[in-house]
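Below are two complexes that have chain A in common, paired first with chain B and then with chain C.
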Partner chain A sequence: MTEISHYAQVWSHRTPRKRLLMWLGWLALVALFVWCWQIMTETTIWMFVTDAPRQAADIGGRMLPPRWGYLPELMNPLWDTINIATLGTIGGVIMAVPVAFLAARNTTPSVTILRPIALFIIVASRSINSLIWALLLVAVIGPGLLAGIIAIALRSIGFVGKLLYEAIEETDKRQIEAITATGASQAQILSYGIVPQIMPAFWGISVFRWDINIRESTILGLVGAGGIGLKLNASLATLAWNQVAVILLLILGTVIISEWVSARVRHAII
Partner chain B sequence: MSAVYPDTWRRPPQIIPNRRWRIAIQCGIVIYLILAIGTVEVNWARVYEGLERGQRFVMGFLQPDFSSRWKDISQGLVESLTMTLTSTVVGVAISVPIGIGAARNLVPRPIYMVCRSIIAVSRSLQEIIVAIFLVAMFGFGPFAGFLTLSFATIGFIAKLLADDIEEIDATQAEAIRATGASWLQLVDYAVKPQVMPRLIGLSLYRLDINFRESAVIGIVGAGGIGATLNTAIDRYEYDSAGAILLIIIAIVMVSEYGSSYLRKFLQ
Partner chain C sequence: MLRLIALSKTYATGDTALADVSMDVPKGQLVGLIGPSGAGKSTLIRCINRLVEPTSGQVMLGDTDLVRLGAADLRRQRRRIGMIFQEYALVERLTVMENVLSGRLGYVPFWRSWLRRYPPQDIRRAYELLDRVGLLQHADKRADALSGGQRQRVGIARALAQEPELLLVDEPTASLDPKTSRQIMRLLTEICAERDLPAIVNIHDVPLAQQFMQRIVGLRAGCVVFDDPPDQLSESALTTIYGAEDWHAMRQGDEEQAEAQADAKRRLAEMPV
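Moving on, here comes the complex of A and B:
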């Protein structure tokens, strides 16, 4: 009997060639990182960076204690913020529904022309943050709640549209076929075959987006689009850090409550 | 003898079966809408004035001007892109240990609580607000933006990674443990192979999000293309602003398709 000697003594997960390739990949990533880091920090003033802990302590010291007397003044802007989010969500959903039906492969009237347009609308709306929409709209229609509402609505189209068109594409074909077999018209197929199937998804998506919009509308005031962000901006500009602390705590509370409400509603629907 | 069958059919309500609740909710919605719309003050004269500007903006979008501000745009883009990459790499590197620490099946309870609270803090603070503070501390420029995005990345990646680790196949971990492996070996041989594809996918997705966010945090002074965009809009140079927005949309589209292709390739 000959002794088996050609087996490797140590087991390893990958072949040497694969390991070499992986090392090269990691090396490339590190090199890219270092290169980007150097370009990015070219203009950084390191004195400010090393100074940061002192600045942080300074700001922290000014934030405490929070000026609670400021709270009543914030109630009106908070109501505005909730209105921006809610009305914006309603507007966005109304605009998103037709876009979603145009973008879904099984309901679109024309795959070659309308579907790409609808998909482009969705991508454009998704890739531009609501703060940027607000920046543009404040310049166009002036500062105020309306700019915020439209900004939230435009941003919501992409999110709601994308999730809704995926839901439409996942509908059960047999139910639609059953409705078709009764001799229903196109509109009736839509109303009785597709709409009941996507209804829970629709409400779930809308409430989810509302929750995100509450979050986003709290900061829209930074560019002048109304709500509690206006107060935040004013307090930051006057370096009233104890007011900033109150506003941030209020925003945090609002966000937590809206998240809880949205989770409850979605749980009840789905 | 035949029973009278109804000859019309009404679709039953889908969401709220109780009729009273339905009516109450509908009334509530109408009242809220009246109240809410009542508080929205619109200065229609200002809106009318703005329409002309809106038209110029749409024209700027249709005929974007890439050339006259190209130097600023390219500098902003370079800042944004480098910021995106470095912050994703650093953020992921930090979130891997935190994510492992936040997985209930791998660590003792105290460590779990600490890591989960780090994640909760990072997730509940918005990027813009974090950016405001970091700009105040570290000064204007992309370095503050880099820190903001890294911080936001930690909450996102660590949470999803931890949830993923908690859902791994426990039998594989048990098999490795039965060989007498140490904790580090357990992580390396039982956990890593199971979560690695998803971690890579998540990192690519986060790269995409970080680029989008880098376009926003510039508005509060954290560098990148957002600062350039803000300047362009402040100067009413809508053709340059249109060019910047088109570039952002194009990069987001490319990275979305690229990352979905890469994820498919890796799995």
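Moving on, here comes the complex of A and C:
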């Protein structure tokens, strides 16, 4: 074996120039942090901050023991919340499916007109939080469950539509080609070439969104859109901390159960 | 039966995939289409049923020029052309039966296909075809539960469900092992003989083409450079199609490989279980 002597012995991951730039970059980040910290703390009243642990302990103390007797009264609002989430998800999914087919590059009938419109619907729906949708809808159609359901549905269109159109664009072209070659019509190509391929994604996305909507619908009551949030609002307003504790624990339990259901369903599909 | 007249295809990128290809395929003839990658074999096959739109030329299926047809007429004519694909192109999440029945899509209205309410004679025929390709007991399995060879058999059954007058076969054995490849080729040739079906078969494997095809068409850079029975496929003809290469040495290589495989098999058989 001969020793190869003309190869360099030293290897470095970055050139000196890159190392210098990296160092300057980190310096800039630290400087930015220090500057932001100063702005942030300018108007802070430090007496309140130092007081925080005592306040937290005080509220925590008032929360204990939770007033379990309040629980039966919460069952109806909880049922409302679950209904808002479920009906809202169903409504959102129904509206999202056509939007997704219009937005997917390989199924849209018109790339220049309909696709941008569908993409705009998706962005518009995603950019507005359900709580804000609910605020608007309570103003428009009055307080109650319906406002909550529509708020959840409108917010879900964007989420479901975006994930679904990405799934449609990722379908296997060869399967679609094979169905086309049999002489199938456009509708048949959709139902045999594309729909079977996106079914797992469709159910996965829908159940995932339902799980998110359970969480989101718990706070819609804060703005009057029905459900358990109404009770939370009322208890907070009357400083009934032991009731707040019961509500929070109930929400936690519901969310855990919905996550479990959603995980099981997705596992069963995929 | 099928006549291509001066068929040309230039892609939007400016690549000429087919240049002035003319050929006749009479009823019952098996044509093997060989040529290097990028010679236009796949484009030629797809121009016939217009999965790829030809730039110019005519595709005469019987008396109909497929190139001139509007969308609805094209769909009706596509029913006459069965297609078999390289990687089977089955709808993986549907059952074997649904895949075979999808060959009837051009014949049934949308609601029937949507509700899977196919006419009884279509269903009976689908079962017959599954029996013919040896998959009757797998009818209700999902397509992705089958092996490669089995999936290609489903692909064949799907194409036959169309009751086609012509088969287009795109690299049917490219993803199969040598033994399964031969079984699939044998099945294809038998089926074509039974029904007097003409077929155009894209095929990478020259020995396989020589063994099973009645006519070999060699494509190079979009032009037909060879068109004769397989026994005329000499080394010089192969050089015209594929470019210079030591064909004799390659065949020796094939023999060596075959010997090695046989040897390995023998030793496997001798191994104590």
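FYI, the second predicted complex is superposed on the first by the 247 of 270 C-alpha atoms of A that agree within 3 Å, B and C clash if a C-alpha of one lies under 4 Å from a C-alpha of the other, contacts with A are read in each partner's own complex, and residues count from 1 in each chain.
As a convention for this text, a contact is a pair of C-beta atoms (placed from the backbone, for glycine too) under 8 Å apart; a residue touches a chain by one contact, two chains touch by 3 or more.
The structure presented is a predicted model; accordingly, all values stated were derived computationally and were not measured.
Once both complexes are superposed on chain A, the partners chain B and chain C clash.
In the superposition on chain A, contact is made by A:Ala52 with chain B only, not with chain C. Of the two partner chains, neither chain B nor chain C is touched by A:Ser12. When the two structures are aligned on the shared chain, A:Thr112 is found in touch with neither chain B nor chain C.
Of the two partner chains, both chain B and chain C are touched by A:Pro196. Within the superposed three-chain arrangement, the count of touched residues of chain A is higher for B, of the candidates chain B and chain C.
When the shared chain is aligned, chain C comes close enough to touch A:Gly183, but chain B does not. Shared-chain residue A:Trp79: touches chain B; no touch with chain C. The clash between chain B and chain C in the superposition falls on 8-16, which is one of the stretches 8-16, 98-106 or 224-232. The residues of chain A shared by its contacts with chain B and with chain C are 192, 196, 199-200. Residues of chain B touching chain A in their complex: 11, 14-15, 32, 36-37, 39-43, 46-47, 49-51, 53-54, 57, 78-79, 81-83, 85-86, 89, 124, 126, 128-129, 132-133, 136-139, 141-143, 146, 189, 193, 212-213, 215-216, 219-220, 226, 229-230, 233, 236, 241, 245, 248-249, 252-253, 256. Taken together, the chain A residues at the contact with chain B in this complex read 13, 29, 32-33, 36-37, 39-41, 43-45, 48-49, 52, 55-56, 59, 79-80, 83, 86-87, 123-124, 126-129, 131-132, 135-136, 139-142, 144-146, 149, 192, 196, 199-200, 203, 215, 218-219, 222-223, 236, 248, 251-252, 255-256, 269.
Across the complex, chain A meets chain C through its residues 172, 174-175, 177-185, 187-188, 191-193, 196-197, 199-200.
On chain C, the positions that touch chain A within their shared complex are 49, 51, 75-79, 81, 83, 85, 87, 89-94, 102-107, 110, 113-114, 155, 158, 162, 168.
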